[in-house]
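Consider the two complexes below, in which subunit A is the common component and subunit B and subunit C are the respective partners.
The block that comes next holds the complex of A and B.
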């Protein structure tokens, strides 16, 4: 049981990092980024090539994830989503576009990288055994870096003027505009940040999860579950949602048959949504 | 939008289409099309070529293209003195039974294909089988369910070994060479893997292994195997069998088990990929036992080496799973050559010829025959007699442990 709890804590922190990017984009732009998982997948391939194949420093490879995915985020926001939001008042338009971008990224990845699973060497191949609990060094690195990145994001959102602008935009677009904030620039920044968060999560988790072109779909589904649990568009909600899902998976798989675990998780999500439709920390108006 | 702007957008779209189609056109022209008057033998490939299991279908596709290329370089396959260029037509069934059915319809009715390689799993083979049979075509599949190959079905052929033939060999090896007495099973939660687990359980009981646990499963698309493998290794079995595990999931399961302190043996009755094992699991995978193809240096023939070169050029890199799937098209062509021209349009002629096909295995350098087998299991010879090769992964490559040819 102790092993399961430790597994859950570590998994939960990784999931929280994945969910943050999605909730950021949704909170600021009211767009459900269906390509979130695919951006995660691209991040993992960036680390695969920079760190795994060309043997550059792992943290440099993570930095490249941020740069490349931020660039993709800027392009998507500037040339795709901004135009759609301007021309169409229907939410379905941006949703369809997001699905299209997801398919685009996935198929480009299939053509570019092939269909096989990949992996990278561990950054720390020690196993720490405390009592009867095994903690691989690799996972400890992922856990630690996840905490640092989440903390950095929270500090950015809380204490910088751009973070303040993003929070204002998430609360009320019109008033934020009237206050003189450049909406387009903040939206672009928010999308870029969301994309780079997805990418850096993928790059970091390449140390422990498989790297293949189809890994994004599952990540997208789990991200949506996390933000539904925690509250869409709310940063602490994404963290809570990720943590809860990680613990549910770890303890669920440990105690009940695998085929039933996810059934119970989905049922729990439905219950949460019936009782609290906006999620645990979701606020009215989002 | 103003008229001028609309025209600009339209022009931009046309330009983009032109720019995209230009390289496509160049590549298409670069492909050697059969010359005028050249006879063509169309072969279908129907399997999963996208999504998490893409490797299975794509390996099948690349194997077919590689074998076709080897024949086409010599002018094609010669049947009754006439040479036929082989053209492979591939359809992605996405591992979805509905898509497999429509894919089969496209191949047999639209493309007029009589010989198809695929599908990859029980569900898609079963859903496409009625279309196959009513159109008078034959397929070589990688599904395992026995019912697919028993009467009244006679148009479906199994392209490789099954869990119920490989498991006894693996488990006996584990007992005799590694002192294994207890076993646990973990399976992917899909029909094929659960079926493989059921077969494995029967075999484990039959050979006298004590079963510690067998109900644990993981969902397709699982990325973190820590939660599910924690439960399995808590029973401390001597052997963990990864039933129906894909080449992508196996290294993750192995790595998770080793990181959690498991020191026992691990095996599977499916084919694996040494490169993925090396990249993802590294030294943790040493000693992992799986089913393989005869592609290790001590067994492969010069023809196998040519095939491996052709495959690598097409796919970009070698995949050990191809060592088990290279037989399908080769066997179709060998049978057609024996059956004659009539079999090109009438599969009943092909079927009648099946028992007569006995050739030197072209992929193995040892003196071993290749023929259709399976009569004792299916009541009819509807399985390619691929040698059963049991491999062990060691330091980046596979080491052959056992080769059974009967």
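The block that comes next holds the complex of A and C.
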């Protein structure tokens, strides 16, 4: 049981990373990034190639994840989403566009990488044992890097000028514009950051989970569940959501055989949403 | 009127007689018709301003209900068809009560999870649904008898023409019913839900009731579609209808145009024909669909039919409906000031 809880905590941290990316994009641009899972998948493929095949430094591969996914994020924001936000009369248009981009990324990945599952060699082969709980070195690395990244992100949002601009943009778009903030640039930055968070999470979790083109869809659904539990658009909500999902998954898979775990999780989400329709920490206005 | 007559003639008489023996071409139209029925349901939820990414769950549900009833209880298909629809509608109603009160994004994401949940349910209801093995060898529809009078003869194996007329009739009935609904008082009330969640109740419209009506009908149509599919394909698996199918139904709707009731039908037929025509490059199919979605969103966000029914000609409001309400004008004014 203690082992399951520890596993849950470690998994939860990486999941929180994914949820943070989605929340960032949603908070700033009011778009649900359906392609988030596919960006995660691309991140894991990048690590597969740079670390698994070319044998470069793992952390450098993570850095490449950030760069490539940020670039993709910039392209999406600049050419797709900016136009749709300006043009659309219906609120659903941006979501449908996001779904389109998700399908596009998935198909491109399928065509480029093929269908088979891949994996990367573990970065650390040791297993640490503390009080009867076994922690693989691999997972410890994932856990530590996740915490560092989350902390960095929180510091960025809290203390830098751009972080302030993003928070302002999430609150009220018109007034932020009046304050002289370049909305286009901040939106682009926010989307790029969200995308690269997904990519980095993908790169990290490539050490643990198999890498294949379909993992995107799964992660998308998981990230939506996290956002729904924790509340969309708020940073602490994302972290809490990620955490709770990590714990539920770990304990669920440990105690209940088969695929019933996710069924229970989905029903739990419906329950949470009945009690608190905006998620645990969601704010009205989204 | 003339256009309707011509299309009706084409659909019901010319096409089937011309291609009577070519099962492949009949198959395309049969699939398109059933997809149109399902997409009409999704369209109805678009009318109230929500995105329903969970239609595949109810299609799966309707399909399994028909499969189980036909195989286990030997019920006639003609009884199973409405029952599947009603069961899907009922479950939609029950699920809709808690989830329809969620605001925009949460509702959409939750419906996405519903599709996954449905697959998991079907996977895990061992005895009833045979889990991952699925149900196969589902019998073709038998004869529909009233007393000793045979109204519809039993379907023979390999006879695509009967499925053609079955799906065509169901599509026409659905279209007529929804057209009537759209132009009725209920339809107008549904459209107000999309415009404003706070203004509508202040005009005395019970938004909970109308949201539920739209969602239940959507799930009902999903169940009917699933039932038709399962008896056509004669097998069902938990993965028969996935998230990607839900997304395709949405795509059909908004390719044709979300403001027009013929939109989903046009979208379904067009895309199914295109998909079949592009069979040689099938592995790019999803990619092409994705590019289509993106291109349409960026340049033709109101769908294909908006090209024919240009906005200015009919004095429509900012969202293409014929209302042009005061709310629209206020909204346009505010938008101009803050752009």
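FYI, the second predicted complex is superposed on the first by the 283 of 286 C-alpha atoms of A that agree within 3 Å, B and C clash if a C-alpha of one lies under 4 Å from a C-alpha of the other, contacts with A are read in each partner's own complex, and residues count from 1 in each chain.
Definition applied: contacts are C-beta pairs under 8 Å (C-beta built on N, C-alpha and C of every residue); 3 or more make two chains touch, one makes a residue touch a chain.
Source: prediction; values computed, not measured.
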For this session: Please work out whether A:95 is in contact with subunit B alone, subunit C alone, both, or neither, and reply first, second, both or neither.
Result: second
For this session: Look at A:3 in the shared chain and tell me whether it touches subunit B only, subunit C only, both, or neither; answer first, second, both or neither.
Result: first
Exercise. Looking at the overlay, what does A:121 touch: subunit B (first), subunit C (second), both, or neither?
Worked result: first
Exercise. What is the contact status of A:52 with respect to subunit B (first) and subunit C (second): first, second, both, or neither?
Worked result: first
Exercise. After superposition on the shared chain, which partner residues are touched by A:228: those of subunit B (first), subunit C (second), both, or neither?
Worked result: second
Exercise. Which partner does A:32 reach: the first (subunit B), the second (subunit C), both, or neither?
Worked result: second
Exercise. In the superposed arrangement, which partner chain does A:252 touch: subunit B (first), subunit C (second), both, or neither?
Worked result: first
Exercise. Now for A:217: first (subunit B), second (subunit C), both, or neither, which partner does it touch?
Worked result: both
For this session: Identify the partner contact of A:72: answer first if only subunit B is touched, second if only subunit C is, both if each is, neither if none is.
Result: neither
Seminar exercise, completed: subunit A contact set shared between subunit B and subunit C covers 110, 217, 258-259, 262
Problem set entry | subunit A-facing residues of subunit C, complex | 46, 49, 51, 98-99, 101-106, 108-110, 112-114, 116-117, 120-121, 123-124, 243-244, 247, 250, 254, 258, 283-284, 286-287, 289-294, 297-298, 301-302, 318-320, 338
For this session: Would you pull the subunit A residues touching subunit B in the complex into a rising list?
Result: 3-4, 7-8, 11, 14, 52, 110, 114-122, 125, 127, 129, 134, 136, 138-139, 205, 208-210, 212-215, 217-219, 249-254, 257-259, 262
Seminar exercise, completed: Residue positions on subunit B within touch of subunit A in the complex are 49-52, 54-55, 58, 189, 215-219, 221-224, 226-228, 230-231, 247-249, 251-252, 259-261, 273, 275-276, 279-282, 315-317, 319
Problem set entry | Residue ranges of subunit A touching subunit C (in the complex, touch as defined) | 26, 32, 80, 83-84, 87-93, 95-97, 99-104, 106-108, 110-111, 174, 217, 221, 224-225, 227-228, 232, 258-260, 262-263, 266-267, 269-270, 273-274, 277-279, 286
